[in-house]
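Here it is, the structure, as structure tokens.
Think of it as A, B, C, D, E and F in the order they're written, each chain with its own count starting at 1.
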Amino acid sequence: MRIAIYAGSFDPMTRGHEDLMVRSLEFVDRLIVGVATNSSKQPLFSIDERVEMIRMAMGDQPRIAVKSFGGLLVDFARQEGAHLLIRGLRAVSDFEYEYQMALMNRHLSTKLETVFMVPSLDTTYISASLVREIARFGGDVTSLVHPVVASALRAKLPPK
Amino acid sequence: MRIAIYAGSFDPMTRGHEDLMVRSLEFVDRLIVGVATNSSKQPLFSIDERVEMIRMAMGDQPRIAVKSFGGLLVDFARQEGAHLLIRGLRAVSDFEYEYQMALMNRHLSTKLETVFMVPSLDTTYISASLVREIARFGGDVTSLVHPVVASALRAKLPPK
Amino acid sequence: MRIAIYAGSFDPMTRGHEDLMVRSLEFVDRLIVGVATNSSKQPLFSIDERVEMIRMAMGDQPRIAVKSFGGLLVDFARQEGAHLLIRGLRAVSDFEYEYQMALMNRHLSTKLETVFMVPSLDTTYISASLVREIARFGGDVTSLVHPVVASALRAKLPPK
Amino acid sequence: MRIAIYAGSFDPMTRGHEDLMVRSLEFVDRLIVGVATNSSKQPLFSIDERVEMIRMAMGDQPRIAVKSFGGLLVDFARQEGAHLLIRGLRAVSDFEYEYQMALMNRHLSTKLETVFMVPSLDTTYISASLVREIARFGGDVTSLVHPVVASALRAKLPPK
Amino acid sequence: MRIAIYAGSFDPMTRGHEDLMVRSLEFVDRLIVGVATNSSKQPLFSIDERVEMIRMAMGDQPRIAVKSFGGLLVDFARQEGAHLLIRGLRAVSDFEYEYQMALMNRHLSTKLETVFMVPSLDTTYISASLVREIARFGGDVTSLVHPVVASALRAKLPPK
Amino acid sequence: MRIAIYAGSFDPMTRGHEDLMVRSLEFVDRLIVGVATNSSKQPLFSIDERVEMIRMAMGDQPRIAVKSFGGLLVDFARQEGAHLLIRGLRAVSDFEYEYQMALMNRHLSTKLETVFMVPSLDTTYISASLVREIARFGGDVTSLVHPVVASALRAKLPPK
């Protein structure tokens, strides 16, 4: 069974993240969405909120599991029996960082392969940080995130 | 069964190409190496020579098939029953062209997903055009290509 | 009156080119589409065919004029009384070349300003060279170019 | 009347910012310089100081207005009746972020077009953050910023 | 005598840094490693610890001196009689920032030339920030840093 | 004695090339300008013309020698006793190709180090191909190339 990991901070999950999760099911048997706890930045949503939102939004996908993790990604992958890391690529600046990480992860665990995917064109310009900024100023995020996330954003950042 | 296509001109196949072929077997069941005939450039090796070299070099991999193709890659994929395209990414300039192609191929055939892989670090600087140039001037290519290819290069470009 | 030039080889004009022409009318009074004759490459369509296709496709835009030009772009701009060059930016590799050209054109004619625009998202992956390649192998280009261009492509590159 | 917005944090305004403001007057009737209040970073100059410095430096340009704004740029543009955003492009990394923002702003307000300009060559290497760093260590900034800004920097960061 | 400066925060020095130091001795007579004190970020190692580690690791290189410095790099260079800055280039994003800095430093001191070098391939993916992160989570850094640094990391970040 | 090679096709030499040659003398004892004969493209100037123009233009620099070479650059360097390659970097796209070449040349000859320099800002936008194009259409190249080259261009490409 091919198990892959799609890791990130998902603060919050966007339509771009969802798109990649579903696409990856085309060639993996099981996808583990790994929500990273150890970000140095102060997140908008707690780790539990982020895990819960993804679970609710992706609930109809039996082959997707959502878990939080701390520590190194290579250790999480080993623990989950995953040999594949899925990453999204939208821009050159993404690419450079991702390329360095792919080489470092391969150095740390030779069994771990990274594959990159291109998100759907209409999610290209969506990032979690832009979504947070738009929500903070009362902009409309309904086409950028899942309804579950849109509700959570409204509750967390009520219009003034 | 997950069938993937790894297309290129392979004029000639390098250690970087080989590396990617073997890595992709980690998550595909069958890899079809598609050698493109319709390049506008005058190749060093004929289409038959290129197909034959890859077959000889990869002969111990029963899950890899080598075929030539003309026309659009999406048509070749459809014909072979493949839903996945494998591409190597080494540099930002690779990325931009590959990104455009991935979006165009998805436009032409929504069923066709492109995944990108990072070649082994020690093949990063190898390209078929550099290999041809080095061989042409009598440089040593033995660590850059398979022995089968090195022999073919010596036969095609004898030292003056 | 603000006159701008949008120059290129338009071999053939794509939906991306059209999109930029119409968008530029938002801030220029008159747009001169300059079809370059002096390309070193052998074009698919003659200069007259290219000019004619753009005229037919953009016929309902009275503020757009289509002209062919040889020689330096700065000379063409001077002759047309234009102080603005319009360019499309899709990718980093576009940007670098365009940036060098903008600086050189400013050096050659200090009165000439270059402004860059972002094409519509759904035309991002369209280029004239990809359109030619798809048409050549009998692929469907109807959503990539204007009907006038699609007909011309079918006439020029009949299915075998 | 064509109204455009040139937004930023201008902490402080550099010669590169000035250059772009003046250049943009070539094709816009009125330029509104929007000084953003909602930056998360602690600025060196207060919002009022930044607005005042630009007003003093650009005082001889009757078609330039300087205003502070909070919230989303698209809302500020709507309120000011502007349909054009002016942005400077110096480097590939600028380009990627700006490209994403241009697409997002178009998504949020289809009437809002972004145009990019290339600053004068001799301002290419100037950024507000480098200016602050040089001033902080007593370096000479007189050729990097307007005399009004140079005085303000000396007052804010006196030599130790 | 050709004196060059290789400046950075070295928090901590990696195998990539070491590689560049040794390579530069090929064309400089004396290399001054300048450890920057004025970083805004909270470093893992104190300035004295960083200087000391580099001195211990590079102790067998009589032509390398290690010094801390505050203030502008151009002032440090002037004070040390250096006319050359050595920088490592690994990625496009490195390049853009470095390019801007090289132009700014030349503006601040016309006598100061910047030369860029390519680190050894097997250190390409190593960065000080990745080393800190791996050490923090108990990963193995022995092939990424000098034994002196590896010991210091174990002492500073003991396994939990 | 530190001998370096600055190789290229120099068809023709531009002010950017000159700038780099002079700058490199700051840290090399002797610079050998290597004019490549084996370009596949049809040059505007013959190899002898190109060598002669550089010799005339750089005649007052006793530490610069100009030679033509065929074959691999690493072989030319070995033959000249050079351990350093000098390359100019202007843009990200330059960087990627140069980076690959630097790694390949180090693979072919471990003794050969590549160092990159940044040309003077006012030569950033000059390339030999743009110079040829401007001269071909009767544009003014006097500030882009040495007077010796400007004369040669006028003789080779007389105004029609």
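We adopt the following convention: a contact is a pair of C-beta atoms (placed from the backbone, for glycine too) under 8 Å apart; a residue touches a chain by one contact, two chains touch by 3 or more.
From a predicted model like this one, the values you see are computed outputs, not experimental measurements.
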For subunit F, the least number of touch steps when starting out from subunit A: 2
Touching both subunit A and subunit E (chains): B, D
Third chains touching both subunit F and subunit C: B, D
Far-end chain from subunit A, centres as C-alpha averages: F
Centre-of-Cα separation between subunit E and subunit D, whole angstrom: 34
Inter-chain centre distance, subunit D versus subunit F - centres from mean C-alpha coordinates, in Å: 39
Between subunit B and subunit D, centroid-to-centroid distance (C-alpha), Å: 48
Where subunit C touches two or more other chains, by residue: 92-93, 96, 99, 103, 121, 124-125
All touching chain pairs, where touch follows the definition stated at the start: A-B, A-C, A-D, A-E, B-C, B-E, B-F, C-D, C-F, D-E, D-F, E-F
Of subunit D, residues touching subunit F in the complex: 92, 121-122, 124-125
Touching residues (chain side subunit C, partner subunit B) in the complex: 91-93, 124-127, 130, 133-134, 137-140, 143
Residue numbers on subunit D that touch subunit A, as the complex places them: 38, 70-72, 74-75, 92-93, 96-97, 99-100, 103-104, 107-108
Residues of subunit A that touch subunit B when the two form their complex: 2, 4, 23, 26-28, 83-84, 89, 92, 95-96, 99, 102-103, 106, 113-118, 121
